[in-house]
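So, here's a batch of structures to check.
Okay, so subunit A shows up in both of these, paired with subunit B first and subunit C after.
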Partner chain A sequence: MKTSILKMTLAGLALGVASSASVALADTADKKIALSNNYAGNSWRQAMLTSWDKVTGKAVSDGVVAAADAFTTAENQATEQAAQIQNMILQGYDAIVINAASPTALNGSVKEACDAGIVVVSFDGIVTEPCAWRIAVDFKQMGKDQLTYLAEKMPDGGNLLEIRGLAGVFVDDEISSGIHEGAKENAQFKIAGSVHGNWAQDVSQKAVAGILPSLPEIAAVVTQGGDGYGAAQAFKAAGRPTPLIIMGNRHDELTWWKEQKDANGYETMSVSIAPGVSTLAFWVAQMILDGKEVPHDLTVPFLRIDQDNLEANLETTQAGGVANVEYSQSDAAAVVAK
Partner chain B sequence: MNRLITPRMLRSALPALSFTFLLAAIFYIQPRAMSYFGLNLMLNLGVPIALATLAQMMVITVNDLDLGIGAFVGVVACIGVTWLKETPLLGVAALLGCIAIYAALGALIHLRNLPSIVVTLGMSFVWLGFAVLILPTPGGSVPDWLRAFMTLKTPYLPFAVILSILIALLVHWGLMRTAYGTIARGAGGNPRSMEQAGWSGLRIKMTMYAMAGFFGVLAGLALIGLTTSADANIALRYTLLSIAGVILGGGEFVGGRISPIGAVIGALTLTLAGSFLTFLRISPDWQIGAQGAILILVLALRALINQAERKK
Partner chain C sequence: MSTFLVKLREQPWLWAFVGTIAMWLATSLVTGAQGSGQVLSAAFSFATFFVIVAIGQMFVITLGPGNVDLSIPACMTLAGTVAMKLMAGSDGMILVGLLAAIGCGFAVGIFNFALIRLLSIPPIIATLSASFLIQSSAIAYNRGLRVKPPAALAEFTTTRIGGIPVLAIAVMLLAIVMHIVLTRTVYGRSVLAIGQNSKAAFLAGIRVERIRFATYVLSAVFAATCGYFLAGFSGGAALNMGEEYLLASIAVVVIGGSSVAGGYSNVPGLWGAALFLFLMVTMLNTFGASAGLRLIMTGLIIIVVITLAGGRKR
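Coming up: the complex of A and B.
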């Protein structure tokens, strides 16, 4: 009896070794990956889909994977996306990459997919179901990084004007809390005023113009993206000296920065999330299918533009668009290794 | 009149025909869907839509329209993943309270002679606000019994199919085969003569709105049984889906002309249309329009049949 159990255990161990070895060698040439996207109605999402097409199209023609189809739901609704994911399970995809309409409402469908042996990778709009992988954006760090940059740039500190996003949205809360945390750590900075710019240049310009008369001299403007150009226009219209304005990778912001840089050596930095993060998610899914060990929670690196690489980034950014970066297989491996 | 296929017959068969056609097309494109597992995956999210469609149908029966059902299902989902899980008694009380509010809405609309569209649209914002108050950030978790019920593995036929058939037959019996069901439909056909015949218009409206609330609650519970957690916006799309489901299933906006079995089939057809387009691999840019095109096609067919009926 004892020996038979021992034999079975040994056989089990041998099997385990054999299967893990075969996983490590697995080839992904016959694997199919799908993108489930909940929304395509703004320039960021359009750029995200274009990046996906470009990078996965090449991966398919190179024979890295068999297919990488993109699907977008008609309306930005969780129930519809849940149904879409269940359809993808039926279509026999090996991995599903998701930009989710809701962090929780897709969990049932994601679990169904995991149970069917499908790799699920969520990014940007992540899902909380534990069996899925998450490539999350650390918005709080994005706020904090701005203060770190300012502390280096202006050791003496000064007054800050904060431009926030859309009130009541999670992203706005996160970035703002990061900025405030950073201001607390660097006590030489004081947030003299806060306005809501709704991530739009025109709204930001009006909001900043409204609050400017009540403010002391402003050393720098901390932002959330899509608001830097509007802030610069407001300062100009009020006849006040232009402070250091952190930018958010939009084309109009980078163009303005370039003009100022050429005219008077203006210095700042620009930070946002690249829409090409969809391609990072694609490669992560491919690596998991390939049998590589990937932690379930990853963080998206920010796309940061500095004084020296401004021209290069501006050149590759479409008018009216957002600076973008597409990931390669080795970039993704580097993110995972971190 | 010895023709085999009359327009009237065609019209009542149209929902079932379009459903069968769509299902056949799906099986042709994606043979993998032709299995227990496949049917379950395609249709299980159709169950909450079917229930919401029946809720909408209750309101349409008495010539009204409910623009708040989606938000209402969202509230139920939020109650379901918070109170119903942690303090079941409070949860059940809250759900009963929701049904009572629906009955009260019916009374308000009847007594003040208000347009139902305005009242229910207004209520949709109230429901949404209520849902955000209960569950400010997406999350919560579903009671285990509900999850177990919705993921039941039945022999031969997937649970989603069995559940749909049962619900459809039950409501068909209640509205089409019982005396009170006839009275309710009569109230949609000619409310004045029903009242002159001695039936309380107030009571009929309150009953039908309460039934709408009841099916709305069932829809919310079925939904979270599948999704396992909720957010306040989870079912906003159900408002339009439920109206489309009723009409696709052969119902009319006025006159108490409804078909419970058709409504359930209509809701499932809408669910299948989504699957069909995914399987066709239509580019994302076209999917949005294609979904609408399927709807228009089915409704155009019905308009044709209606025209044929009128010509005779």
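Coming up: the complex of A and C.
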């Protein structure tokens, strides 16, 4: 009787909340989950893999799943990753979690996996194949949010310098289109220059140093993450006043921000995706294997750092790493419920 | 005067400098006189790093067809990572860090050549596969965490005298030394001879394999040194810090007027080409050109340079 009342109450709520009420069922104890990752060559991806190891390692030792192995391709090529997924199908994994090299090029392999009865969950670098689940980042919004913040901070507007990521990559196009859309809506801002920093501090520093002499006074720098510190160095080397630079949650960026804040009250904000999103994808895969209803399209919340919580975030960020959040099973259930 | 001009026109490095000046003037149209000085100063800052790796790459390419070092980015990353972690931001350890970086370079060079010589793997495949191992070592060593360089090293790499970075002056001196090494020493002449005809060089009594060994080690040591200074310059070593130096190191050698087929090389062109590559990107950025156009231009320019250079020689 009691349980049926509970069930009735829960039925009124979103399905995901219902599933959070019955977490840690042992139904998935014999299930094997694999991570197919396309790239590991930067600090964000390293943190992503570390989080995966930490959270899934515990899940395996707790008996929630039988295995959660991580595999990374060497060359960041879609063809190589497609072959890797085919191997995983043959190895008999029950679910494959993917950070994909391309949104479309893996669809064939993903479809094969689905046809073999394997649950496929893609995150960050998502795949468009309908049978897969997607934990997408609203990169466009991430770009737009920067302009929203700037419009509040600088009602008079000014010139912007845009630092983009790696040319030809989906994420770069999305963030940039969000930034340009935001600039259109807030006409007091003008994008005076745009360079590609490849999400690397040294490349950004170089690109900004090159274009700076041709630019008028810059009020703010809009970025994509991993480029804010390099931009700050370039402004300093050119002897120009430091503009408001949006940061991307890297430890060196946050440290620099803190130094400036202490020295002269410098204000900015920092936004990026927590590398721990891999653990969200893991729990989503586990929930699907557990027979839960999970919508095929989910969105990851941004990890945003502002003036007042800078110190707290800096403290929890590993020196030289990226600000991170790891998901627990109930955190994941809450995201699904949204 | 006219003989001087004729002689000048024959210099293979000429086109790189002509291109550099053209790009600089084009950029100056937008930046004005004061800005153009700053552009040049920035160009020297960043071209320096290209030149260091390109000198090593040039010696390897000079050895003749099939010789190329694709492990440069990984070697830079490993050396930068090891040195930064070892120094842990302490000024007293700067020399130790430099020695550690150079040590990494030696290890990488020896390993590369061991694959090439002992296992008879072609250099392209040997250095590429070695780079996976080296990159993985760098990842395993510090998991991509960015350790700040010692303050004095960061200061040194960014200091300028009269607008010219100190590091650039040092690398210009290095380039002069390496020019003399290439053209005036037994080692340099041997590298050129092997590149022109390795059988003839062998019959002439040159110890071909020893020279090749020294050259691969030289390239790796230069890459490691570059990784060390680049990490100092940009606030720490990152796992992807060497990425753009793979194609750039080859492009700088080729645009600088060295023969891709080996045997004919020159050092001055490296500076011309490195400045040219930086200024071209700067010019296109200044004019607001897209990344796609930039890549197309880079490709076209390499084709034009090879055609121009190839039309004249031999």
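Going forward, the second predicted complex is superposed on the first by the 299 of 338 C-alpha atoms of A that agree within 3 Å, B and C clash if a C-alpha of one lies under 4 Å from a C-alpha of the other, contacts with A are read in each partner's own complex, and residues count from 1 in each chain.
Please note the rule applied: a contact is a pair of C-beta atoms (placed from the backbone, for glycine too) under 8 Å apart; a residue touches a chain by one contact, two chains touch by 3 or more.
As the structure is a prediction and not an experimental result, all values here were calculated from the model.
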Requested in this report: Would you check which partner chain A:263 touches, where first means subunit B only, second means subunit C only, and both and neither mean what they say?
Outcome: neither
Requested in this report: Would you check which partner chain A:74 touches, where first means subunit B only, second means subunit C only, and both and neither mean what they say?
Outcome: both
Query raised in the report: Of the partners subunit B and subunit C, which touch A:187 in the superposed model: first, second, both, neither?
Result: neither
Requested in this report: Using the touch definition from the top, say if A:337 reaches subunit B (first), subunit C (second), both or neither.
Outcome: neither
Report task. Mind working out whether A:91 is in touch with subunit B, subunit C, both or neither, as first, second, both or neither? Result -> first
Requested in this report: Figure out whether A:230 sits in contact with subunit B (first) or subunit C (second), or with both, or with neither.
Outcome: second
**Report entry** Which of subunit B and subunit C A:40 touches, first, second, both or neither
**Finding:** both
Requested in this report: Go through the superposed model and pick first if A:108 touches only subunit B, second if only subunit C, both, or neither.
Outcome: first
Requested in this report: Find the residues of subunit A that appear in the contact set with subunit B and again in the contact set with subunit C.
Outcome: 40, 74
Query - Residues of subunit B defined as touching subunit A within the complex - result: 30, 32-33, 37-38, 41-42, 44-45, 48-49, 137-140, 223, 226-231, 233-238, 271, 274-275, 278-279, 281, 284-285, 287-288, 291
Report summary line: Within their complex, subunit A touches subunit C through residues 40-43, 45-47, 50, 74, 164, 167-168, 193-196, 198-203, 205-207, 209-214, 229-230, 233, 237-238, 250-252, 318-321
**Report entry** List of subunit A residues in touch with subunit B within their complex
**Finding:** 37, 40, 49, 69-75, 77-80, 82-84, 86-92, 102-109, 111-112, 128-129, 170
Query raised in the report: Can you list the subunit C residues touching subunit A in their complex?
Result: 27, 30-31, 34-39, 42-43, 45-46, 132, 135, 139, 142-148, 158, 230, 233-236, 238-241, 243-244, 278-279, 281-282, 285-286, 288, 290-292, 294-295
